[in-house]
């Protein structure tokens, strides 16, 4: 079928490529005309303006937005007036699901369908396929299902779960209609929250192994420094790259994130290329907000997020407050680095 | 080569089977003579007593213990006097690595080698192989390497990491000599700590999705109940089993633990077969102890552990203290379930 | 000066009493006419309806709302049409500060001032005074300052901070103009967040002391139970009530919350009167939301909140997920209580 | 009565002064003879050597050690051979309670009593008195009780808890016999753990207020930066020093630590004199170890400890691991400071 793609960054462009490989056609638009020209050279129909883009789409139109979350509303403001009733808009980016709920209502006033498609897979999606978590009304989902099916990795990407056989169950093809507007981005949001937790779990564990040699180092002996009770128990120098390799095979913690960690450590075991300031891009925060608002505990996911904040020194004033208290009650002078 | 196995529970027996399949021979001993008879029927040499077990082993002997951590010392007390210099003992169970350091010193006084082999793979190890994290002296490791190679899944269990080709790097075969005595169990300990963190990450995330319908439920309106600010944002009823399926294919959070979660949810989506009391068996605690003693933060791993404690109501008195404070300062009566 | 009070529950009624003791006059209204009659008997001017209430107030009117956060908007809907430009409304309850921002804008359209006054002090406020955190425009704050001054404990409630002498600095009298609309409830919100953290700190610590006898108890020896490495280190039976008494005198952790804990333990050392289900009433959640949105780590405050959620078993499904995973990979059967 | 004091640092010297003020006599020893001369000038009996110190004490001797935890064992090695059966040693420093258990057994072989006295009060103890948590046998405790009574603040340091009247209950005088050897330092350890939690609670809360102006700052709009959903909700510039003053009077979070925080903010509201590297000195770690070993959750206390570790960048490798993963799966380049 035909899909219109707005936003031809790494994600959008690769999704167009994956669709065309699977026999679909695409109309492609981006403010950056070089990106349009590049994809046109690969077989897509390019468009120089949003008006031209809309004109080149068969009706009812199917428009997929793959733009930064911060510009979705601005893009919709330009796009929606050009569309007709029964057209469908898919937001494939990292929008906050509450924005989906609002937007779906807004465009529904014009008879337009709104679909939110949380997309996981990153730079590997072109070859591996994208895991798609979809929200929106049934009609729109069904209409776009051929697109989802081509973008997704397919059932063969993982062995079928024991007890599942025959006709595919929901989700097994690598895409899932999660529910009404926002449900797709809700599930994608939690997916990323879990990702934060898993990443922190590996990171903390590897840091504990990295510091298993602490007993070999010199320690200050003063009232400001906690003593190391058993230095002889911390005398290991362990090859972290090799550890990730052994865990990749047969262990309970094997995962794709571990594969990627092994790849990073194979290139640079001490990770000297990184400063340790870990960004966060919204979903981890929203997951924590959802946990708090629902009233369910999420200490692992939230602490993973907070560790990222601390890695960027957003805890600085809090730490100064504690040093100041220590100076007050104990006359403790702060130890500098 | 020949290996002696002491302890023929699920893990020990399956390891013997996996070794025999790969051409090794085994002498097998367990207090439970039925377990011995079972394995003897499958080709192992059975032994009725520890003395007979030792007598049937070629020298220098290689003895693998696969017994509960709590009985390793008692087993060693019986076994060591029967062994000779240059024999090797492998502890393949879940010992605390500090016990390895001590035991290695103790048996070294008699010229005996001690190897600690952290083993991951669970009930799937017979078919998938076991991920082996090994500590001990070089000579002993090398002597036992054919055994490790047969027990491990082998390099083909995972695609080789980009940049790794040709001769295998350490760990790629699925077993790794991590360092001197205790290093194997140290790495296995942290492995389990990470496992706790990952499990909690999935569990918390699925719980957030499970409760995405909180806006549909009735809420008390009183001073003891936090208001739900935006009930319309929490109106989703999402199929958790389907979510795990879609994540298994192409997403960043794909993992073996997720595969197992999908299997559990396929059987019983509401997990009614479980009461929610999550056990912990040592390694998660030891990982937290190591983090604290090394002085490295491990909030994710430690909170995952603490959540298990709380699941067993080990926080009861702490909670009563808080309810008591609230009663004191605000006259708040506790809301019962 | 004259103040109108809407809401004569424990907090509102006591605030009227404290104001009258200090020479102010009050017009009092509540839906519950018994509450009105009670206060009228103590010297306040009672009102049978909101209309009568408004009519009895001198202009420009000063109306203090002391009603549950969930009914503030409904109360305003009835009240605001009866008021005139330059009247002032104070919300002294536990509103979310974002609601203050909205309400201040709404009533400003009619020329009415809106003041948010976060109030701490609980059932002890009548005698000890209330700590008041105030938001709103300067004119309204200044107009109401005599009321704040009478409600607050006054500077003598605590020794002046070293270096502060002479004229009172902001906050020293026990009330503070924190900033524009919402600022008062923002500071009160964080105050409660800190309260959660402190309460949990005491509760966790006392629970650790309570369980210092764990080495005296019997332990299962099986693969589902973490071994207690050094039982001889946990053989203490410690009098918790006495511990709180000794900490109240001269220690770094002395506080009013500790005084209250001591009072609770003096009545009931085992706290048998409590079930351990700890309520939360909004501010702790909002504090966590603010931390996440600001991007600053708040692990202590947020984990204190999550522990309350867990105390009410809102982690149940998450725990079942973990038990289910353990059953899958290790064949672990859940241990029941 | 007479007490011998070994270690005349700030704590030891002030304790001698407080004892002498109350009519006791003291023999004072320190390697630093200036410290000895100073106290001798104030009325103590100075000693130039440990031998002389012991010789000047009446039998049975009472020797109080006030030396760094790291040198207690070395001091005991010199001191114990000089003592006789029925003498008593008090360790008033910050020893790990497990060392007390061991030391008590060791000196008991020579008939010597061992008392551990956890001491809180810091630099304010001379005037306010010291909160004393004592472990050891009954006879030794009773013999030293006059010393404890003089060092402690006394019952009048806090209002008696409602329901307590007449004869003093345990702990009310400001010292407490907590149990056998180690019990005093166990309770002091948890006291410090709670202190960490409370300090972090205030610090996190003040940091949230400090950053209530985040909506006024410029934000990058890119895929590496989480969007600020409601900038208009974070536009407050709040006077933190004034906030601590208002909380000190009538609020639920009033405490001595808050008094000290107010003092620090009065001197330096932005705390520019501090770098934010928060030391930890043992007890916070031991508290976490106890929680883990007992199997009781302590997320607040442990996360407070971990935040201190992170303030000293002990999470650096963990953070690099996470940045490396993000680079792998998403092509995310790390944002530098």
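Structural remarks
Each chain gets a letter, A, B, C and D, in the order it is written, and its residues are counted from 1.
Criterion: a contact is a pair of C-beta atoms (placed from the backbone, for glycine too) under 8 Å apart; a residue touches a chain by one contact, two chains touch by 3 or more.
Chains and their UniProt names: A, B, C, D = 6-phosphogluconate dehydrogenase.
This structure is a prediction, so every number in the text was calculated from the model and none was measured.
Among the other chains, the CA centroid farthest from that of chain D is the one of A. Counting C-beta pairs in contact, the pair that comes out ahead of the other among B-D and A-D is A-D. Averaging Cα coordinates per chain places chain B and chain D 37 Å apart.
Rounded to a whole number, the gap between the C-alpha centres of chain A and chain D is 43 angstrom.
Multi-chain contact residues of chain D, defined as those touching 2 or more other chains: 122, 200, 202, 204, 206-207, 211, 226, 229, 252, 257, 263, 280, 285, 291, 293, 295-299, 303, 306-307, 310, 314-315, 318, 329. Across the complex, chain C is touched by residues 10, 68-70, 94, 96, 122-124, 199-200, 202-204, 206-207, 210-211, 221-227, 229, 256-257, 260-261, 263-265, 268, 271, 273-282, 284-285, 299, 303, 307-308, 310-332, 334-337 of chain B. The part of chain D that touches chain B in the complex is made up of residues 252, 280, 285, 288-289, 291-293, 295-299, 302-303, 305-307, 309-310, 314-315, 318, 329. Only residues 97-98, 101, 120-122, 125, 128-133, 152-155, 157-159, 161-164, 169-176, 178-180, 182-183, 186-187, 190-198, 200-202, 204-209, 211-212, 214, 226, 228-230, 232-239, 241-259, 262-263, 266-267, 287, 290-291, 293-301, 303-304, 306-307 of chain A touch chain B when the two sit together in their complex.
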